[in-house]
Amino acid sequence: MKMMKWGAAAMALGLVHLAAPAQAAGGKTLDTVKARGMLNCTGHDGSYLGFAEVDDKGNWKGMDIDLCKAVATAVFGDPAKLKVVPISWAQRWPSLQSGDVDIIIKASGGTLSRNTELGLQFSMSYYLGTTKVMAHKELNLKSLKDANGGTICIPAGTSQEQQVAAYTQKIGIKLEPVVIEKTEELEQAYFSGRCDLYAQWGPVLAIARVAKGKVEDHVILPDVLAVEPEVMIVRQGDDNWLNIANWTLTALTFAEQEGINSKNVDEIKAKPTSPQVAKFLGVTPGMGKGLGLPDDWAYNVIKKVGNYGEIFDRDLGKDSPYKMDRELTNLWNNGGVLFPLVID
Amino acid sequence: MEMVALAPPAPGRLEDLRRRFFATPLQAILSLICLAIMVFLAWKLLNWAVFSAVFTTTGGPEACQAAAGACWSVIAARWRIILFGLYPYDEQWRSALACLTVVVMTVLSCIPAFWTGRRIAIVWGAGTTLFYVLMKGGMLGLPYVGEEAWGGLALTLFIFVTTCLIGFPLAICLALLRRSELPWISRTTGLIIDAVRSLPLISILFTFAIVLPFALPQWLIGDKLYRVIVGSALFFSAYQAEIVRGGMQGVPAGQEEAAMALGMSYRQRIGRILLPQAMRNALPATINQFVISFKETSLVVIVGFFEILASGNAAYGTGEWRFAYVEVYAFIAFIYFVFVFSLSRYGAFLERRMSVGER
Amino acid sequence: MVRLLRNQKVRNALLQAVFVGSLAALVIAGVLIARQNLARQGITSGFDFLFKSTGWDVSFSLLPATANDPYWWYFLIGVINTLFLGSVGLILATIVGTVVGLARTSSNELAQLMGRTYVDIFRNIPLILQVFFWYALIRHLPTPRAAHDLWGVLLTSRGIYIPAPNVGGAAMLAAAMAVIAAIALVLWLGRTSRLGRPVGERLGVQLAGGAAALACAAAILAAGRLPDLPLLDFPSLQGLNLRGGFRIPPEFSALAIAIAIYGGSYIAEIVRGGFKSVGKGQMEAALSLGLSPWRVFTLVRLPLALRAMLPILANQYVWLMKATTMGIAVGFTDFFMIVALTINHSGQTLEAIGILMAGFLAINLSLAAIFNRINKAIALKGNQLRG
């Protein structure tokens, strides 16, 4: 009886394989998402402070989560239509490739091998971070070169692993790596003195130092191991879905550039300051059609999630516990590297 | 416990005490060493966990961090995260009720009156349905809560219960197939069972969570949670199948031959003669297996679920409670301990009772 | 009648063919779908990546490793680390289990109580939590600059440092072999029938044989000494870290301790069961033959208990070997962690998981095979089973 079922299942599988050769996954992500009624976006298995963390009431918050919300709002006009799937670092790529998530927004950089070997595609950068190293103050290190023979904590399965290996080889020192996957365990290892050094993506390092409480006990060394532009990541072969990611980002930065935020967006929509803004907020048509979205999608994003500056302030900047400066993560006209594409 | 044995030595019991613990010099030394170790450890533990510990949230994290002992205020402040994970705050009573359902279900199935195939099936079927409805909602006026928001203890229990629910019948099927007289069927099944048993559970979970979607057609992929449950059920059933088979071997061959001679069909022979006795033989080992698989649910944290261990991570993973991870882990260990210890005590009790019955 | 028989046979053959065939079809269908999925997403598949350099470092390796080494070398390192951790864990767990098991069967009630408390606590908490616990504990040892010094052994948050002999690697290996040979020789001398003397009077011969082999080991060590260095290399503080000596990293010790303690609580129960299974009559008979209590234990109680334990113990060992996969939780680069990292860096999910499964199947099936051999060799032969 049982084996009959198995046989039937096998045959069904075979038939599916023969009958439907080029189905969903790579093709029509937007249709899949719309049909599901939810955007599946990446979360974290625990907390990644500032980017994906869980508050007292069990709600997700953070920069990456807000960007997920922005994409969900662009598609559905409602940030609640977001399903945050908790995944670990090591599962990012398989989860996207297998369709468990529709988009990865998880402090992940664009690299050659991810692009050409994993079959992934990147949006514009939403955060330009540098990989840096923090050290215990009492070691009196001036730069990483002084740390020869020391122990360094590195997050497992991230590009930092390769960056540390490459950088130490370049400056000719040898470090003993301690590679742990869960951020909480990794930071405990550093703060408890298991490691002399802690290599991490810059903002996370700064947040960890603030969150630990005693900022002055730890120094962030001047060495820049690598520059990593963090990007939204989608599967290859679905141009429309990549366009949506890119234009969502542009909507956030464009709104900040034009001074449109969640509070004044209704006023400005009633009285657009320029033809571009009118188009941007969906007063005049053209913003959504080519993307397969409604014309007022950008208005929804700004109204319900906020512009880039608001997101940054809320999650990392002055309204957050971490009080980070914008530095490079600012608009081009404020000394940063962010810029919107042109809305014409 | 040793205190009880030692503390008020009534006059007549002194001699008894001497005989029990200090009969020979060697015994006396051994006793003293044991006593010293136990008192030392007990004192250290009590001192940390009770005497120098902070229990209230009034002082906030700073006062707590300064204390020499444990800082239980992190539990007071964040217990809801640990127990319920990402579940919507206002709906967490449902999660609590669902956990209670599982407890009631487990207690019911420990009562011998429920030990018939049908009753057990009804209890577990009804219990799991109730659990599912409570957690997921979307009917009976309960708001919908998707699986990705389940977390904490409720998720751990859900994975455990569904693993058993799928794994148990599967185990019986596998055991029967392995016992089959057709050599190819029994050999192939044996191969599958042995292969699964020699793989680490993590690798199976990883495969089901991450690799399987590649090898499945779109409509079969489903939610990651259910794939992981199927994987863990497969692992459970490979172990349980061997236990059931062991139980079957304990049933004298004559019984089946007699049943055959009476003209009973295969289904009757299995369902009425073989399985009831085999299950009874295998009961202690089965409970042990339940205990082990309950502990092993803790591994799903590695494939990125918000079960109790991960929600514990999130509980101490905020800025102000960073230092208090030992307390959070101790709390989680305590929760596991309560569940596992009572189950394994029950198993030991059952074993004793059954071995008495045999004599 | 003949026709019916033939029908039965045909039906059986058909049934089996369908069963095996459908399983095979399931697997093949899965593989085909996977290949198609991969191709559609432009993911490179195949085992070419094994020969590419990894670009990341491993934190623990018994073999030389740099970021320029290829993936296949890293897999090898992972397997060896897993085997190493597994064997250390198994040995420690067996020692702990035996001690606790003996305590539980001892006549001292306090020892019994202690044994029971131990088993109750450590059996009922998931291993992964225990790993976290031990790791946290070890990390809170003092820093290298303020290390506890116990006769040259340093306990620090960076690991446990023990003095190591300044001896070349090959000589170490040869010496270790000689020590094993010494043990084997002592055991063999105690059992063989080639020696004329009765079994009870061989202590001198055994000691002489063992001493000779140990002397051999010492000679090998002396010969393999590195020139111009003291015989023992004591760890000392240099720069950020301690140098010299042999270092056991915290990740390894945490896992080994956790496996030893958790596994020990299971093995204790097996040991207890084994000793309980030895009939009182057997021991009384041995005592009445005039054997001393020690010899009753070594010649009667232990061998009988061992035979009862071994099959269950074998299962437990396979299980413990699998428990090394917890390494990823604290960053010990075992086989599973190497695989997980490989998936992350190279994206070759299917291939890496395939290698993982094949590796564990090979390890555990050979472990099971070894235990089956031992089991068969020492099992009571048929005619002894009567009564």
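Order of writing sets the labels: A, B and C. Residues in every chain begin at 1.
We take it that contacts are C-beta pairs under 8 Å (C-beta built on N, C-alpha and C of every residue); 3 or more make two chains touch, one makes a residue touch a chain.
Values in this document were obtained by computation on a predicted structure and should not be read as measured data.
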Building nodes from the protein chains and edges from chain pairs that touch, which of line, ring, star, complete or other describes the result? complete
What is the chain whose Cα centre is as far as it gets from that of chain A? C
Centre of all protein Cα atoms: which chain's centre is nearest to it? B
By the contact definition above, name the pair with the higher C-beta contact count: A-B or A-C. A-C
Let me have the rounded angstrom distance from the C-alpha centre of chain B over to the C-alpha centre of chain C, please. 26
When the C-alpha atoms of chain A and chain B are each averaged to a single point, how far apart are the two points in Å? 36
In whole angstrom, the CA-centroid distance of chain A from chain C equals 41
Touching at least two other chains at once: which residues of chain B meet that condition? 185, 210-211, 214, 217, 301-302, 325
List, in ascending order, every residue of chain C touching at least 2 other chains. 15, 19, 23, 30, 33, 37, 132, 136, 328-329, 340, 343, 349
For chain A, residues contacting two or more additional chains: 3, 13, 16-17, 25, 94, 97-98, 182, 188
For chain B, which residues are in contact with chain A within the complex? 77-78, 80-81, 84-89, 92, 146, 148-149, 151, 173, 177, 185, 209-211, 213-214, 217-219, 221, 224, 301-306, 310-311, 313-314, 316-319, 322, 325
Help me check something: in the complex, which residues belonging to chain B touch chain C? 1-2, 5, 20-21, 27, 30-31, 34-35, 37-38, 182-185, 188, 194-195, 197-203, 206-207, 210-211, 214-217, 291, 295-296, 298-299, 301-302, 309, 325-326, 329, 332-333, 336-337, 340-341, 344
Complex contact set, residues of chain C against chain B: 12, 15-17, 19-20, 23, 30-31, 33-34, 37-38, 106-111, 113-114, 117, 120-121, 123-129, 132-133, 136, 318, 322-323, 325, 328-329, 336, 339-340, 343, 349-350, 353, 356-357, 360-361, 363-365, 368
Touching chain A in the complex, chain C uses residues 15, 18-19, 21-23, 25-26, 29-30, 32-33, 36-37, 40-44, 55-59, 67, 132, 135-136, 139-140, 143, 157-158, 238-241, 243, 250-251, 328-331, 333, 337, 340-341, 343-347, 349
Looking at the complex, which residues from chain A come into contact with chain C? 3-4, 6-7, 9-11, 13-14, 16-17, 21-22, 25-26, 89-90, 92-94, 97-98, 113-114, 117-119, 139, 147-151, 156-158, 161-162, 164-166, 169, 176-182, 185-186, 188-189, 192-194, 196, 235-237
